[in-house]
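Okay, got some structures for you below.
Okay, so chain A shows up in both of these, paired with chain B first and chain C after.
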Partner chain A sequence: MRYVVRKTLYLIPVLIAVSFFTFLLLDLLPGGPEVAILGASASEENRAEVREELNLDRPLPVRYVEWVGNAATGDLGNSFITKQAVTSQIGERLGNTMFLLIYAQFLALAVGIPLGILAAQRPGGWTDRLASGSAFAFLAVPSFVLAYVLSYLFGYQLEWFPTLFKADARLWSLFLPAVSLAAAEAAVYLRILRSDMVSTLQEDYIAMAKAKGLSRSRILMRHAFRPSTFTLVTIAGLNMARLIGGAFVIERIFSINGIGRLAIDSVLKRDYLVVQGVVLVVAVGYVLFNLAIDILYAYLDPRIRHARALA
Partner chain B sequence: MAVLAAACGSGSDDSGGNEPDGEPQDGGEIVAGLEAETDGLNPTTNRWAVAGLQIAAAVFDPLMAYNDEGEVRPYLAESMEPVEGTDFTEWTLKIRPGITFHDGTPVDAAAVKRNIDGHIDSILTQSVFRGLQKPEIVDDLTLSLKTDFPWASLPALFVNQTGYVAAPSMLDAEDGGEQAPVGSGPFKLESRTVDSQTVVVKNENYWQEGLPHLDKITFRIVPDEQQRSTALAAGDIDLTQTDRDEEVAAFESNPDIEVFLATDDEEENLYLNQDNPNGQLADERVREAVSYAVDREGHNDLLGSGVTEVADSAWGPDSKFYPGDSVTHIPYDPEKAEELVDEYESETGEQIELDLLTTPNPDNAASMDFIKENLDAVGIDSTITKIEQSEFISQLIGGTYDIALVRQFGDPDPDVDAVWWFSENADEAVALNFVRNRDPEVDRLLMEARATTDFETRRDLYAEVAQRQNDAAVYVRLYHTVWAVAWRNNVHSVTEWELPDGETGLPIVRGRYQTAQIWAS
Partner chain C sequence: MNADDAVPEPHDVPEPHDVDDAVGDRTDGDADVDDSSVPLLAVDDLKTAFRTERGTVRAVDGVTFNLERGHTLGVVGESGSGKTVLSRSIMGLLPTHNIVRSGSVRFEGVEMTGLKASELRQFWGPQMAMVFQDPMTSLNPVLRIGKQITESLRTHLDVSRSYADETAVNLLRSVGIPEPERRMKEYPHQLSGGMRQRVTIAVALACGPKLLFADEPTTALDVTVQAQILDLLDEQQRERYMAMILVTHDLGVVAGRADEIAVMYAGRVVERAPTRTLFSELRMPYTEALVRSIPRLANRSHTRLPRDRRTTTRPRLASSRMSVRAAVRLRTGPLPRGGATASDRRCAGSRVPLLVSGRYARRGRRAGAQPSRGRYGRRGGLNGRERDSAPPQRRRATPARRESRCRVSRRAVGTHRARRVRCEPRRARGRDARARG
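Up next is the complex of A and B:
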C-alpha cells in the first residue's frame, strides 16, 4: 500500500509538468494564440475578443493556474470553430477510443501470449518457426495497410464485418480496426514472451520441477509463465502510447468517432483549444496508465514492493 | 476543392445511371457518405463546400433551382420576375403559399427577407449581393427587390448557398443555429455529431405532395477516400459523391454501383495571389514565369485519369458559355519562364520563393508535387503546405498564401462566379477575389454581361473576361474537373428528378444531389 501511495505522490510533479507543457503549446505558436486561432487575416476586433476570452493579457503563471483549475472541473474552453465545449467533444469520443485501445490490446495479448508459450516450448521447432516467422510478417505491415486489406477481404468480399464504425454495434464494427492495430502488437508480445520464457525454462528451479515429475503444462503455466511476463507487462503498458498513435490513423480510415480523429481533424483545422484538450487527456491518461502498470508490476514480482519498502 | 456555395454549379453529361427506375416506393433509409465535415449549417455565416451543401439540400429548400438546361426556375419561390420598364433594377419575388418551416412558423415574405438581409449584412456573403438593397415586404408572400444597377441574372444568385432559406428562429439563435439547422426542406434534423454524422428524418409536413420518399438519411463523414469506395462497394454506405478520378474508375467497374458523371463542372486552377506575403506575385513577370513553367498537358495526363481536359477558360466544352479557341492561355515554355525568372532576380536581387498551398488529399498532393517539379526546373524555389479545407478557405479569404490549388467556377450562370472576379472584392475583410486581381476592365465587362439577357452578348463578354485574366497570368488554369455521384443499385432517382413545376432538374450541382425524390427498394 505504501508503495502505491509513494508512486502516486511521484505523479504530482509529472502531472504538473505535463499539463504545463500542454498549456504552453498554445502560447508558443507563431504570432501568439489569437493569431493561431483566427489566422493572420483576422480583424483587430476579433483578436481582442479572443484575447479577452482566453485572458491573454494576464501573466502566464496566473493563466496556467486558472486553466488547471478549470480543467480539473472539466472546463477546457470552447472550440473556436464549432463553438462546442472541448470537454464534451472529448467526452463524446473518449469512450470509443478507449474501447478500441482495450479491444486491440486484448486481441494482441489473447493471440500473442498463447503463441509465445507455444513457441517457447521447443525453440527452433516448427511451431516456433511458424509463429516467429508470421510475427515478423505482421510487424512489417503498417496498420493502415492491414486496415485496407482487412476491409476489402472481410468487409467487401466476405461481408463478415462492417467497413465503417457503427455506434450501435461497437464490438462488431470495431473488430477490423482492433485487429489492424493488434496485429503488430501481438507479434511483439509473442517475441518477447517467447524469449523470456526460453530463458526462464533454463532456470534451476524449472529443472527441479521437472525432476519432481510435474507435468509440462503445469511447469509452463505455474512456474515459468508468471516470472516471464515482467517485460511483457512493461511493454504492453508502454505500447498503449503506440496504440494511441496507431488509433489516430485507424480512426480516420474506419470513420470512428474517437479522440484520435478529433486530434487530427483539429490539428488540420487549427482548432488549438481542442488539440490542447486532447493532448492533455492523452498525456494524463498515459501517466495514470503507467502508474497502473507499476502497481501491477509490484503485484507480479513481490521483490519490487518489498525491496522498495525496505529501502 | 469546392469552395463556397455561391460559386456552385454544373452542366452535366450523362454517363449512365440516369435511367428511369420504375414506381417510387415510400419508406426506408439510406446512409450517404460525405468526404468532409462542414463547420456549420447557417447559410449566412458558414462556408459550405460539398458536405455543407449536401446536408443543406436535405434540410433547406432553395428559392430557385436550375433546370436541365442550366436555366433558373422557381423552387421555394413561386416566381421571380423583373418589373416591367425598370431595366432589371426592380424585381418581384413571390413565395409559394402554405409552406412552413420545421418549427411550424410560416415561410413568408418576412422570413425570406430575414435571410436576404442576413446575407447582405454577413461578412461572409455580402459581396455576393453587393448592389442589392434590402428587400421591401409588399404583402405576406411578396417581396420587392431593388438593385443599384441593371441585374438581369439576379435570380441565379438564389440557387446555391445564398438561396437556401433558413427559419428566422434558427438565424436569430445565439449561435446562429449553426449546428441545429431549421429549414423547410424535405428532411428535418434528428441529430448531429460534428465530424461523425448528421441524421435527418422525413418532414411529414413537406409542401411537395408525396415527398420525400425516404424516412431517414444518415450523412456519414468518411474522410478516407479508399475506405469510402470500399464502404460503398460493401454496402455500408448507399450513396456518395467524389471528384477523385480514381474513385470514379473504381465505381464504374462495380456492377452493384451506378455512377453519374458531370464533366463540365468546375475548373482546377493555380491561384496566384497578387498580394502574397513576400510581394513577388505582384510582379506580372513572376506570375507569367509560373504560368510558362507549368506543363498543363503533362499535368492533365498524369492526374486527369483520361476523363478531364486542359482548361483555357472557366467554361468547359459542354458548357453553353464555352468560348472555344477564341480564348488562349500562356503556353508551356520553360525557357521563357527561366528568362523571366533571371530577369526578375537580377533586377531585384532577390530569389523567387513561393509556397504551394493545398489540402491533405492524395490527388492534390500529387498535383502540387508535379507543379513543384515544374517550378524547380525553371529556378523558382517552392515549398508545399497542406492544411485542412476550412483553414484552407480561410487562407484564401485572408490572402495569406502565395499559390493555391483551387477548384472553382463553372456555374451554369457565369454571373454567379463574378463575385470571385470583381476588383472591389479584393479589398474586403472577407475577400472573395482570392487572387486579388484588380482590373477595372474586367469589372466593366462583368457589369455589362450582368445587365443583359442576350445570350450571345453575354458569352462574348465572359470570353473577354477570361482572356484578360489569362493575359495578366491571374490563374494557371489546369483542367476542367469532373464530379461524380455514385450509388448502390437499390437506390433510385438520385439524379433524375423534377422541379416543383414539372420541368426536369439539373442532375447535380457541383457534386450535390437533391434528396426529396430519392427512394430505396
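Up next is the complex of A and C:
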C-alpha cells in the first residue's frame, strides 16, 4: 500500500512537467492562434485585439497556471473555431479510443501469451519456429497496411466485419481495427515472453518444482509463468504509446470517431486549444497507465514490493 | 553397503558387479517390493551422455552401486566430474532430448529407467527428493514459502489445505526455523541463505522420501552455516531412516557423515570404499590428490596448499581451462589402459580417463618416449607418479610459466592417434624473460 502511495506521489512532478511542456509546445509554434482565426492577411491591430481577447498578451507562467487550474476542474477552454468546449469534444471521443486501445491490448495479450508459453516449452521445436517466424512476419507489417488488407479481405470481400465504425456495435465493428493494431504487439509479447520463459525454465527452482513431482502444467503456470512476465508487463505499458500512435492512423482508416481523428483534424485546422487538450489527455492517460503497470509489477514480484517499502 | 565392499582389497572400481547382477535377477517382476533383501537403490552401469554439436559427452560413464535404507553414500569429485549429472540421472530429472541414458536404476526393485514422466512424478516427492546446491536460486522468488512446501503435500498426499499447512509448520520447525508460522507467509528473499537451505530441505522432506539427494547442499553457503546444514541433514536422515546420496566436491564434508564414499572423475567412479577404508588406505592417486587439497586447520593462516602441479592444476586443466572442443574430445577419446609406472599399474583396471598434463606431455616428447606411453600411460597416473619416479628436474616455476596454458593442438586433434595436449606458454613469457634477464 505504501508502495502505491509513493508511486502516486512521484506522479505529481511528472504530471506538472508533462502539462507544462504540452503548454509550451504550442506556445512556441510560429503563427499563434490569432493567425489561425483571422488568416494571414489580418492587420496587426486586429491580431492584437484577438490576442487580448484570448488572454494571450499576459505572461506565459500566468497563463500556464490559469490553464492548469482550469484543466484541473475539467475546463480546457473552448475551441477557437467550433466554439465548442474542448473537454466535451474530447469526452465524446475518448471512450471510443480507449475501447479500441484496450481491445487491441487484450487481443495482443490473448494471442501472445499462450503462443509464447507454447513456444518456450521446447526452444527450437516446430511450434517455436512457427510461432517465432510468424511473429517476425507480423512485426514487419505496419499496422495501417494490415488494416487495409484486413478491411479488404474480411470487410469488403467476405463481409464478415464492417469496414466502418458503428457506435452502436463497437465490439463488432472495432474488431478489425483492433486486430490491425494488435498483430505487431502480439508478436512482441510472444517473443518477449518466450525468451523470458525459456530462461526461467532453466532456473533451479523449476528443477526443484519438477523434483517435487508437480505436473507439467502446474510447473508452467504456477512456477514459471509469473516470474517470466516482468518484462512483458513493462513492455505492455510502454507499448501503450505505440498503440496510441497507431490508433491515430487506424482511426482514420476505419473512420472511428476517436481522439486520434480529433487531434489530426485540429492540427490541420490549427485549433490550438483542442490539440493542447488532446495531448494533455493522452499524456496523462499514458502516465496513469504506467502507474497501473508499476503497481501490477509490484504485485507480481514480491521483491519489488519489499525493496521499495524499505527504501 | 555392498557385500563386497567389506573387503577393501581391490578397491571398488566401476566394473559391473556380479552382486548387482544377482540382485537384478531376484527383482524380476516383483511388484510387492517390501523385500528387505532388495536394496533401496540399485544403480547398474548407468551411463548418461549429452549429444552436443562437437560429439557426445559422456557425463556419467558406467556407474554401479547399491544403496541400503538409512545409509549415506558420499559422491566426491571435482567440478565437471559428473556428480550432479549422476544424481539427476538416477532420479530421472534430466531432460529427455539430446541425452542418451543407458543402464539400470532400480528403486526398491522397480526399474525406473523406462518409466514415463507421469510415472516418474509419483516417485518424486514421496520416494525420492533432492536438495539443490544453491538455496538462493532453488526457491521460487514469487511464491510464499508455505506454498512451496505445501504444494507437494497437496499433490502427492491428497490432504486438506489446513492439514498441509500444519504439516508445513511442523516441518519448518523441525528444520530449525524459528517462528515457522510467520515464515510460512514470507517470500524467499526475506530469508538468509542458511534459512533458505533449511527451507529447501523442508520442501524435500515434505512427503517423507526414502531417498534424499543432497547435491552440494553447502557449497553456496557461508562456512559457519555449512556444518549446521550438514548436521541438520544428518539428524533428519537418522530420524527418518532415510538413505542419502551426498554429493560434494569436499572430502571433508563427507568424511564424518557418509558410510561409503565414491570418488568420481570424468564420469566414472574411480574409487569406492567405506569411508574409513578410503581414508586409511588411499589407493587411487586422484583421491589422494583430493585429500591433500583439504586445507588443514593446524596450518598457520595463509599457508598455501601443497603446490603439486599434477594434483592441483591438472584436474582443472582437464575440466575447466580447456576449450569445450578439447574437453569433448578427451571425454570421447579412447580410454587409457595400462601404464608404465607402479601407480599406473595400480589404476590400470580402473580405466582412469584421460587427464591432461602439459608438462608430462612435453617432457615425454622431448625425452623421446613412445607417444602412446607418453600420453596415456603417464597421464593415467596422476600424482602417484611423482613418488614412484625420480624427481623430475624441476624448473623453477616462473610466474609466466605458472600461467602457461594448456591447449590441444589443432593438428593433433585432427589425427586419429593423438589427443595430444601441448602446453603453450603465454606469449608474454618471452618478453618477461627478456625483461628479467
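We adopt the following convention: the second predicted complex is superposed on the first by the 296 of 311 C-alpha atoms of A that agree within 3 Å, B and C clash if a C-alpha of one lies under 4 Å from a C-alpha of the other, contacts with A are read in each partner's own complex, and residues count from 1 in each chain.
Operating definition for what follows: a residue touches a chain if its C-beta (ideal position, glycine included) is under 8 Å from a C-beta of that chain, and two chains touch if they have at least 3 such contacts.
None of these values were measured; they are calculated from a predicted model.
Undergrad: Clash or fit: what happens to chain B and chain C when chain A is overlaid?
TA: Aligned through their shared chain, the two binders fit side by side on chain A.
Undergrad: Check whether A:Ile253 is in contact with chain B, with chain C, with both or with neither, and answer first, second, both or neither.
TA: So A:Ile253 only meets chain B here.
Undergrad: For A:Gln84, using the defined touch cut-off, is the partner it touches chain B, chain C, both, or neither? Pick first, second, both or neither.
TA: The first partner, chain B, only.
Undergrad: Examine A:Leu262 and indicate which partner it touches, taking first as chain B and second as chain C; both and neither are also allowed.
TA: first
Undergrad: Quick check on the superposed pair: does A:Gly213 touch chain B, chain C, both, or neither? Answer first, second, both or neither.
TA: Touch status of A:Gly213: second partner only.
Undergrad: Touching A:Arg226 in the superposition: chain B (first), chain C (second), both, neither?
TA: A:Arg226 sits against chain C, while chain B stays out of touch.
Undergrad: Can you pull out the angle centred on chain A between the C-alpha centres of chain B and chain C, to the nearest 10°?
TA: The three centres form an angle at chain A of 150 degrees.
Undergrad: First (chain B), second (chain C), both or neither: which does A:Asp301 touch?
TA: second
Undergrad: Classify the contacts of A:Asp204 with the two partner chains as first (chain B alone), second (chain C alone), both, or neither.
TA: A:Asp204: touches chain C, not chain B.
Undergrad: Looking at chain A, does chain C or chain B touch more of its residues?
TA: B
Undergrad: Rounded to a whole Å, what is the shortest Cα gap between chain B and chain C in the overlaid structures?
TA: 48
Undergrad: So in the complex, which bits of chain A are touching chain B?
TA: 39-43, 81-84, 89, 92, 147-148, 151-152, 155-156, 159, 162-164, 252-255, 257, 261-262, 265, 268-270
Undergrad: Which bits of chain A are touching chain C when the two form their complex?
TA: 122, 203-205, 207-216, 218, 222-223, 226-227, 300-303, 306
Undergrad: Show which residues of chain C lie in contact with chain A when the two form their complex.
TA: Per the touch definition, chain C meets chain A at residues 91, 93, 97, 117, 121-126, 129-130, 132-134, 137-143, 151-152, 155-156, 187, 189-190, 200, 203-204, 206-207.
Undergrad: In the complex, go through chain B and note every residue touching chain A.
TA: Residue positions touching the partner: 37, 39-40, 175, 178-179, 193-197, 220-224, 226-227, 230-231, 233-237, 360, 387-388, 390-391, 394-395, 397-400, 429.
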